[in-house]
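Every chain is named by a letter (A, B, C, D, E and F) in the order it is written, and numbering of its residues begins at 1.
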């Protein structure tokens, strides 16, 4: 009978291929990790669900006329969504610790070594048969080392849209894994004495400094590295809304309504890039390996820079706070605090780690700008 | 592009990249110092003079739900606790 | 004088045709019903106002360059708005009663008979001179029987955009009329003894069940009926946000910001489809008659299935709760409760009617998927 | 399409449609039973063990403003009232 | 070396022209005025920041593929953003004082003389070498006299998009300067005795009147001046949401989420029109001069009409409240109150000035409609 | 367009414009009077009978942050203060 056949042909089980089934399982896995293991649930629940939805056969929800596909085109292809999230990050972030001790910016700089080392790593993988990353691909993969979701999504959507799904998943997964990845590296590179260093209290920061800070950062970025201007611009815009004290309404909108709405949409949209043919490949495996490498190298570089600052300052800096330079705000600052407490039960490093932590956000936005300027077309 | 020249190019990018990152942030360190010095000359008494000690904040922990909001909340709470005498 | 003439020619009274005036009156009537009679005001105030605005002569606000016309193109033609509302519905709905007693799904299934009977009705109307519904039109009209606003709008925007205005108005109006339409049917089909049946308390439901529920529903939908996947997908996504417990921010955004903003926009956009040439026609009269039919048949089918479950379970099920299967959440559950209280002043059926009520939402989304698969092109 | 074949087609759709709706939801009944059985084996003590009796909830009524929110609110209130002893 | 050169060529300092540097400074100035001088910060902080961002060399953030440029295309070119803000204004405005004393509408009418006088002024400027405003330009500039941000942006985006940046900046700046511009004019035109007039208490207003008000205003607009219908339509829609009492959720969304989100986006988008070649010109100087003129003439016309009503009513009307007719809600009503208190320390005019103040909003939307009908194409 | 005819056109626009603005708002005055008369006949006792005197409201001032919200807030506060006896 005609309609019965029509119906059967429209059924999922009649059309599902193995890849789709596997990707639906991947979506469920991400949801499981998000809920049960608290892996960055704000992003991974929508991404996982988006992956599930977008891989439902026949429905083509991730396609150009499907819902997640259209959201992708409007919000991710244009770069608007990650930028709006970055505005929210700026509005939620207190840069006080960084203003009080600007030298921690160097820790945020050092940790970006993870990014560039991964770039080399991705290019080296091309010597392995089966891998064929372009330089753009490699740069997009490298940014995972920035440990900063919106930056990674922004750069990947510009340089390697096909890899966006895998890169976003890797970035958020490793950010969730920071408490597991970082401590052994931190312990291996520091002595017990170094980990016990008690740091000086941070000085108070005036409101004027807080207001000038975003403008100064943006000005420097505009002069030196305009390719990072969208990212740094929205970050500092959000922060200015927060600190200027006269637009409370807008600051709240950036911190809540906008970031929440956009997070839902962004997650679903990223899910639409988690299709079997791009995700279930050797490439993804490579990306996951490189991502772990990136976080590890970034952590190590940060800690080593911390040790150098420890020496140069005559022992005033606890090298552990260098690990917070990878950003992964505020997870890595909490990890620093925890590892610090292991060494001395009265040594709270959280506020001190906040400086390098937010410095890492700026650092990886700068690195993203460099990669965009040097590999983009 | 074949792997080898790409490798060279990526090494160059690494070199340049780390140089720029460091230069950029080092420059920012300097500028921030100048900015703070100037800002404190213009409005010498800090409007929000909370010292930020290594303190009780940590109990706030619990690695969950809204990562970024946590900092904001923690700091807000901290300020609220310590601001009573001033505001 | 030239500018005076230009001005006169630009005036509303110089350009208004009778149809526009009548449609502005229709808009006012909808607003009146919404405010004075509490007819689903959240939708009918914006729809009524949108109809008024879109029928203002000269301004062409509902046209392709007008505000409501553009909102329609972006949000309704793409299907995004009803889907986002459905996400909000999912985030606002507690499926606990359904999980505790899955058998009530059958009541939600039976009530969908209203949809398919109305399909026949719409086709039969074609034998009356003056009516000329296509099969797509008939399917879009039939979905009114689903008693579910977003589903009706979604399906109508896909199958019969020209009828969208009338269908949306009929759907929301009859949902508001549920307290008038349903009770006589419920009383006619049940005995006093049946209406007095006290049901067993519902068992508690664990959080794990609540989390698995949306995933299970979506998986089944993906396997069997992918054409319903956008609707079921967003409903279950919203519900997962609500129940998973780790994304409170996103759940609140879905329940408040997103659904509120989208409701305003959706209402205005639907108003743009309430133009004289499509609304002031015999078709609309037919749609209104068929809509009443759909609700009545759906209610009757639900109650009859309730009676069958009453017998099969040996009197454990109060047949009245079958009427809640049409959805019209939560209006029809309240009607069930009220009619139940008439028969026995101590018999509160609200929680028991919640199961079939939310089952009806799933049921009509499934029915919409079937209609889409069988009549869509 | 002329009315008569369309009528036949719509009758067929009705038949198929109701069959699918019932099959789908019947299947779901079964799957939900299995799911609940499995879920209660995995986490035997319900995390939110509120019984949902036929109770006072109804007074909440008042057919108005935010239909869907009403359920949510009613249930939330109910839980709040009855949860004191447990949470 | 190739990449170094590529990097240098991508740097801001290597590409910045003088105009961009100046416009970045203008952006900073606007931010300074907004924060330090409280110049309408809700708009001027985003506008200033948007100007800074959009003038960063190389990044081209204000261009067709840049973020602020895309937001402009979606939200301002279509007119949607100013209309949504106007909806929020409607939802935030209590028209009770106007309903209680409708005669104050005449004060709101008189103050629109500022608009039309400025139109003449702009055309006269064409006799000065270096100015070459079209009639559309002149109309867009004239609307600054309406002292109403969204109306000015809406009209300018329709008639003279190139001047939009300068017009928006002038409109908001002068609205912020109302406490400086208005008092001398008010004092010069009134006697001490007039300023001391104590006005009669306003009668209470019923909810029914509040609900009918927006519908009556829109109906009149639809019949007479459809070109003002988008503006008046959204204003009255917002007000109906506020007053009808059955859509609290939507009213809150219009007053908070929507207006806040759109304000951020609108500000950034306007910033994209603050480019050196259009803003750093003699035209802008002309616009600023004309804007001051517009506010002054509007104030004077309002006060003079107040004096006439003072006489006609036998001294019941305090002429000062005429100054509130320019709108600039609620700044000018506060200024009236302050100048009134100077004359008599017990004479609070705030509530009485509210009537003309909100009348001015309607008045300038009407004037905008007229300009659109007579000069638009 | 050359300046002089444009000047004439703008003068005409001014004349027509102010006429329309005044006509429109005068008409609105009349219609509002009729509306209020009718509305008070339909529902004679005002639902929200707060008198709005020239009163304490002013202290609310402070020319800042959310201009429009200020009115709303001030009036809301005023109503709240004076409504206790009635609602």
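To be clear about the criterion, a contact is a pair of C-beta atoms (placed from the backbone, for glycine too) under 8 Å apart; a residue touches a chain by one contact, two chains touch by 3 or more.
Keep in mind the model is a prediction, meaning the values are calculated, not measured.
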item: Shortest contact path, chain B to chain D, counted in steps; value: 2
item: Smallest count of steps, each to a touching chain, taking chain D to chain F; value: 2
item: Fraction-based call for chain E against chain A, same above half, different below; value: different
item: Distance-maximising chain from chain E - centres being C-alpha averages; value: D
item: Computed distance of Cα centres, chain E from chain C, in Å; value: 41
item: Approximate Å spacing (C-alpha centroids) for the pair chain A, chain B; value: 16
item: Interchain centroid distance [CA atoms averaged], chain A/chain F, Å; value: 50
item: Interface hub residues of chain A, defined as touching at least two other chains; value: 3, 7, 38, 41-42, 221, 224-225, 246-247, 249, 257, 370, 374
item: Touching two or more other chains - residues of chain B; value: 9, 13, 16, 20, 64-66, 69
item: In the complex with chain D, residue positions of chain A that touch it; value: 1, 3-4, 7
item: Complex interface listing, chain C residues touching chain E; value: 3, 6-7, 10-13, 15-16, 24, 28, 31, 34-35, 38, 41-42, 45-46, 49, 52-53, 56-59, 61, 66-67, 70-71, 256-257, 260-261, 263-264, 268
item: Chain A-facing residues of chain B, complex; value: 1, 3, 6-7, 9-11, 13-14, 16-18, 20-22, 24-29, 31-33, 35-36, 39-40, 42-43, 45-58, 61, 63-72, 75
item: Chain B residues touching chain E - in the complex, by the definition given at the top; value: 9, 12-13, 16, 20
item: Of all residues in chain E, those that touch chain C in their complex; value: 78-80, 83, 211, 215, 218-219, 221-227, 229-230, 233-234, 237, 240-241, 244-247, 249-250, 252-254, 257-258, 370, 373-374
